[in-house]
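Read from first to last, the chains carry the letters A, B and C; within each, the first residue is number 1.
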Amino acid sequence: MGRYVIRRLLQMIPVFIGSTFLIFFMVYALGDPVAAMFGERSPDPATAAQIRRELYLDAPLWKQYLHYMGQIFQGNFGTAFNGQSVTELMASAFPVTLRLTVVAIVIEMAVGIVLGVFSGLRRGRGIDTSVLVLTLVVVSIPTFVSGYLLQFVFGVQWGWAAPSVSPDVPLNELLLPGLVLALVSLAYVTRLTRTSIAENVRADYVRTALAKGLPRHRVITRHLLRNSLIPVVTFIGTDIGALMGGAIVTERIFNIHGVGYQLYQGILRQNSPTVVGFVTILVLVFLLANLLVDLLYAVLDPRIRYA
Amino acid sequence: MRGATLAKWAVCAAATGLTATACGGGGAASAGVVSASWGDPQNPLEPANTNEVQGGKVLEMLFRGLKRYNPKTGAAENVIADRIATADSQHFTVTLKDGWSFSNGEKVTAHSFVDAWNYGALLTNKQKNAPFFQYIDGFAKVHPASGTPTAKTLSGLAVKDARTFTVTLNQKFSSWPDTLGYTAFMPLPHSFYTDHSGWLRKPVGNGPYRVDSYEKGSVLRMRKWGKYPGSDRAQNAGIDLRVYTDNNTAYTDLQAGNLDLVDDVPAAQLKSVKSDLGDRYLNQPAGIIQTLTFPMYDKAWGGPGKDKVRRGLSMAIDRNQITREIFRRTRTPATDWTSPVLGADGGYKAGLCGEACVFNPSRARQLIKEGGGLPGGRMTVTYNADTGSHKDWIDALCNSINTSLGSDNACTGAPVGTFGDFRNKIAAKRMGGPFRAGWQMDYPLIQNFLQPLYYTNGSANDGKFSNHGFDALVDKANAQTDTGRAVAAFQDAEKVLAAQMPSIPLWYQNGSGGYSERISNVSLNPFSVPVYNEIKVN
Amino acid sequence: MPEPTVPKEAIGHGDGGSAALAIGEAESLERRPGAAPPGAGPPGGVPAGKPRSLWSDAWHDLCRNPVFVLSALVILFLVLIAIWPQLIATGNPYRADLAKAQQGSQPGHPFGFDTQGRDVYTRVVYGARASITVGVCATAGAALLGSLLGGLAGFFGGWSDTLLSRVADIFFGIPVILGGLVFLSMITSTTVWPVVGFIVLLGWPQISRIARGSVVTAKQNDYVHAARALGAGNGRMLLRHIAPNAVAPVIVVATIALGTFIALEATLSYLGAGLKPPTISWGIDISTASPYIRSAPHMLLWPAGALSITVLAFIMLGDAVRDALDPKLR
């Protein structure tokens, strides 16, 4: 087990290098960022050249990349165009998004698994159909629509929650954006749990357990759920990363200054230090999340062991 | 309520468990302080480096320069300048008023200006507004087109005594003193040079407000500066500028009583804004004009005889209907290339464009046909999709052209992902058809609406229009010492644009905004920026 | 090629707890037999002479399932109007009359008008083509690519598994917006195919991870070990025994993904990186209408409703197919 974990950690090195280069290349491919700094005016050539030189933008791509990586190994992630260091941006953005992600995951797991279990156990009945319709409605509404709608209804019409999140990012203000963020994944979790439960409920070990006279809720929680959660856990593992990096729309609607916001600003302003820095950290988060998921397999399914 | 308290405690405990954030009162504003929407400024808040409206808002509160544009009329009025004297429109003597200081106690002297301008012009400081100093003698040495500077300071600037300095320009420029209200010309304290990073964290100026705290990308808190010597003291205790990435959210926050002032009402809310806000909705003319610019470097658009196609397209656009249905009267159909905020004396002349700016589909079809038709029978209108929600009006504009020409898809919108990419395509002359352009004036002068945009190699001449007649008339206007004659010459130059139509004037943009019941006496200046210091908290 | 991922001798020896047998394997999974009672799975090698295979069995079931028939009919209808929108819409989807902007339902225009004064009903009908093409092709592409790569990785394990998982990690890390702006800004084509390609590129890692997880689980089943003990080759094992048992989660995720892919097309279009005019799609219309949700909800309601019906039809179809493929439910 220990060796396995170490091996997985070592694999992160090539992934780290590969993803930084890929992202670096993509931001580079977006084009020269200097023109946009001058607004509707064409850049003064001398000033633009001076800025390019200081940002190392006049070097060929590979040199820029090596220069950037050299800085990273000295712990310097570079600076954004407004003069803030990227490390500073990360320190302010990641805790915010992490909290939002935790809220979203808790919501989607709690609601999704409960709904999934009920509809899986009562396949084809009324509750199953209602859950199906519910998840369908949720899936087919894009985030920006549900975001604006819930924000208006809860924030303005009923006044239950603040329509935007204040700079301190208290947890209670994150409930609404967390819900919006969880909505799409909620459908996946519900459907996956339902399918898995429906499949396993006829398995022999469940029949055996019931035949032994074990109480029904105990069979469901200890035997059935545990064996049905593997696809769900896999999905949530992949979803952590998607939630952390993909909350751009939600963060925008609720004015949360987290990772999605910084990434979006970085991409629009074509600021490679911001984008590459943030995405690199995100990739590392995916890697760790996946490692955790793989380890959880072994916990959920005792037949699986790692060497 | 015990249960509720317990629940709150539990939430707080969970919150503090995740981070070290204290469980405070959230975003409640302090007494007398106005909370206002803001966009994250793109550049550091140095005056000579701030070339967009979000950073400009802050500098307007933090700084006062030689002149300031009257928030109502737009006229340039002396603030720190006692007088700016010249005999020949080329040599100026600036005398400062006594009694001005920065909020850290340092006196505002002639050096505060001269040093700041020298800093702004010097190439190695890479200030984006450096070209604003280009008319001062010696600019070519501190800011050479290539290579390294051969001088550190502008030879045209000389300090005579603590309250006097002289300026020598490299050409006659009669209205030059009126440009001095622009942010690039603000004075700077010593700490700007000695502790630059500290200054950037917490800028120090000489305006009615001082910075209380600045969390970059999130909130800038400014408080009234009690010892401000000027006459335009702050009428409120302070302004909290909160960064919003989406103006819809700012508007929702305003409706929920979470925010006091938004200075940009999103297009989608305009339909209901009157019922939402009543008379707390602002819609005032601003010095902004939207145009459709043609790539004059492209033979298909700028070649001989194509002026007919360009004029024809201008006549194919139903400006009235688009400003009514899409913009809900927050734009006014344009009939010249300036802005109504200049006033008739300042050079605005309604109808200067003539019949070419009047909707006339049959004449449009005829002109386009005479000019050889659209290149390849179709055209695209390029715009950037990331900011400003341009899609709706671009689509409407194309639909209007299509309807006039009796075609389904002769004109289509062509979105470009980022503003940067859009600007790069313009700079690289890679526009295959007309593209959107918006010009917000730097200072309320007709010169600012014409010279940067249409003079050969002008700094914002995106279509690369070049016309000797136009250039000669602009030169003539700049050399006039009499304002009336200068304006007349500029308007003559504008008539060249009417004939050539290098860009189609679409509409004059208004500033729009809304405010809560908590505050009053809110208005926008001609730059569409709220006049923050006059806002009163009820 | 050494194939030690599932140790063969484990089937012979009924006791668990044997030391891991992964020799030089990065991620080998070891099975402790006995955790599940033997014979739980369906019969492994169905004799060739049997009249009905698993697939024809499934088909027989499906035809008698009202859910399947209904959803198949809906999809058939959608495909028909995607090919011939003129069948049910006689208007011109480009015809704009700004004077009617955002007006509601009126005679001859049951769904009202959009911001540009175009007939929403005609736009919805004409939008089906691009949206369904993007949704179906991108889902099919991502599902095929993802389940192929994920399935192989999960089955063989070892370095191929490691490589694939790590490549997927990198793809997960690319922000959709960045990828979209870079990938699609380089392409000037106004067809749907660049968008489809891009969504496949972004969508396959998630499906591959799900597929890999199910294959890893299915591989543990006794009938697989039994089949291997009987000398079944890799190809036969994968196709006959593992694939039918691992396909369920993939179908579930893919059918939901269809909806999110159509919505993703909307987001891309909104950013200026997706489908370009004059293409008409539900996604473009939904994203254009969404800021007006409070003042003119009908502009959003109809294209979003069409999207919902499409997604519902595909989810129900997927559900029915999945059930039919599961012999345990029979």
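By definition in this document, a contact is a pair of C-beta atoms (placed from the backbone, for glycine too) under 8 Å apart; a residue touches a chain by one contact, two chains touch by 3 or more.
Chain labels with UniProt names: A, C = ABC transporter permease; B = ABC transporter substrate-binding protein.
None of these values were measured; they are calculated from a predicted model.
Colleague: Chain with the smallest distance from its CA centroid to the overall CA centroid?
Modeller: Most central by this criterion: A.
Colleague: Taking each chain's centre as the mean of its C-alpha atoms, give the chain farthest from chain B.
Modeller: The chain lying farthest from chain B is C.
Colleague: Looking at A-C and B-C, which one has the bigger number of contacting C-beta pairs?
Modeller: Most C-beta pairs in contact, of the two: A-C.
Colleague: Please report how many Å separate the Cα centroid of chain A from that of chain B, as a whole number.
Modeller: Here the centre of chain B sits 37 Å away from the centre of chain A.
Colleague: Express in whole angstrom the distance between the two chain centres, defined as the mean CA positions of chain A and chain C.
Modeller: 20
Colleague: Approximately how many whole Å separate the CA-defined centres of chain B and chain C?
Modeller: Using C-alpha averages as centres, the distance is 48 Å.
Colleague: Among the residues of chain A, which ones contact at least 2 other chains?
Modeller: In chain A, residues 30, 148, 152, 264, 267 touch at least two other chains, as defined above.
Colleague: Where in chain C do residues touch two or more other chains at once?
Modeller: In chain C, 181, 185, 270, 291, 294 touch at least two other chains.
Colleague: Could you pull out the residues of chain B that touch at least 2 other chains?
Modeller: 248, 386, 417-418, 421
Colleague: Please name which positions on chain C make contact with chain B in the complex.
Modeller: For chain C paired with chain B, touching residues are 92, 94-99, 101-102, 115-117, 180-181, 184-185, 270-273, 276-278, 288, 291-292, 294-296.
Colleague: Mind listing the chain A positions that touch chain B in their complex?
Modeller: Per the stated touch rule, the residues are 30-33, 35-47, 49-51, 54, 81-84, 88-89, 92, 95, 98-99, 102, 148, 151-152, 155-156, 159, 162-164, 166-173, 251-255, 257, 261-262, 264-265, 267-270.
Colleague: Give the list of chain B residues in touch with chain A in this complex.
Modeller: Residue positions touching the partner: 11, 14-15, 18-19, 21-24, 26-27, 40-44, 51-52, 123-124, 126-128, 130-131, 143-146, 200, 215-219, 242-246, 248-250, 252-253, 255-256, 258, 386-387, 417-421, 423-424, 426-427, 437-440, 452, 459-462.
Colleague: Which bits of chain B are touching chain C when the two form their complex?
Modeller: 248, 266-269, 271-272, 318, 321-322, 325-326, 384-386, 389, 391-392, 395-396, 399-400, 402-403, 408-409, 412-418, 421
Colleague: Can you list the residues on chain C that touch chain A in the complex?
Modeller: For chain C paired with chain A, touching residues are 20-22, 25-32, 35-37, 40, 162, 165-166, 169-170, 172-179, 181-182, 185-186, 205-206, 209-210, 213-214, 216-217, 220, 248-249, 252-253, 256, 259-260, 263, 266-267, 270, 286-287, 290-291, 293-294, 300, 304, 307-308, 311-312, 315-316, 322, 326, 328-329.
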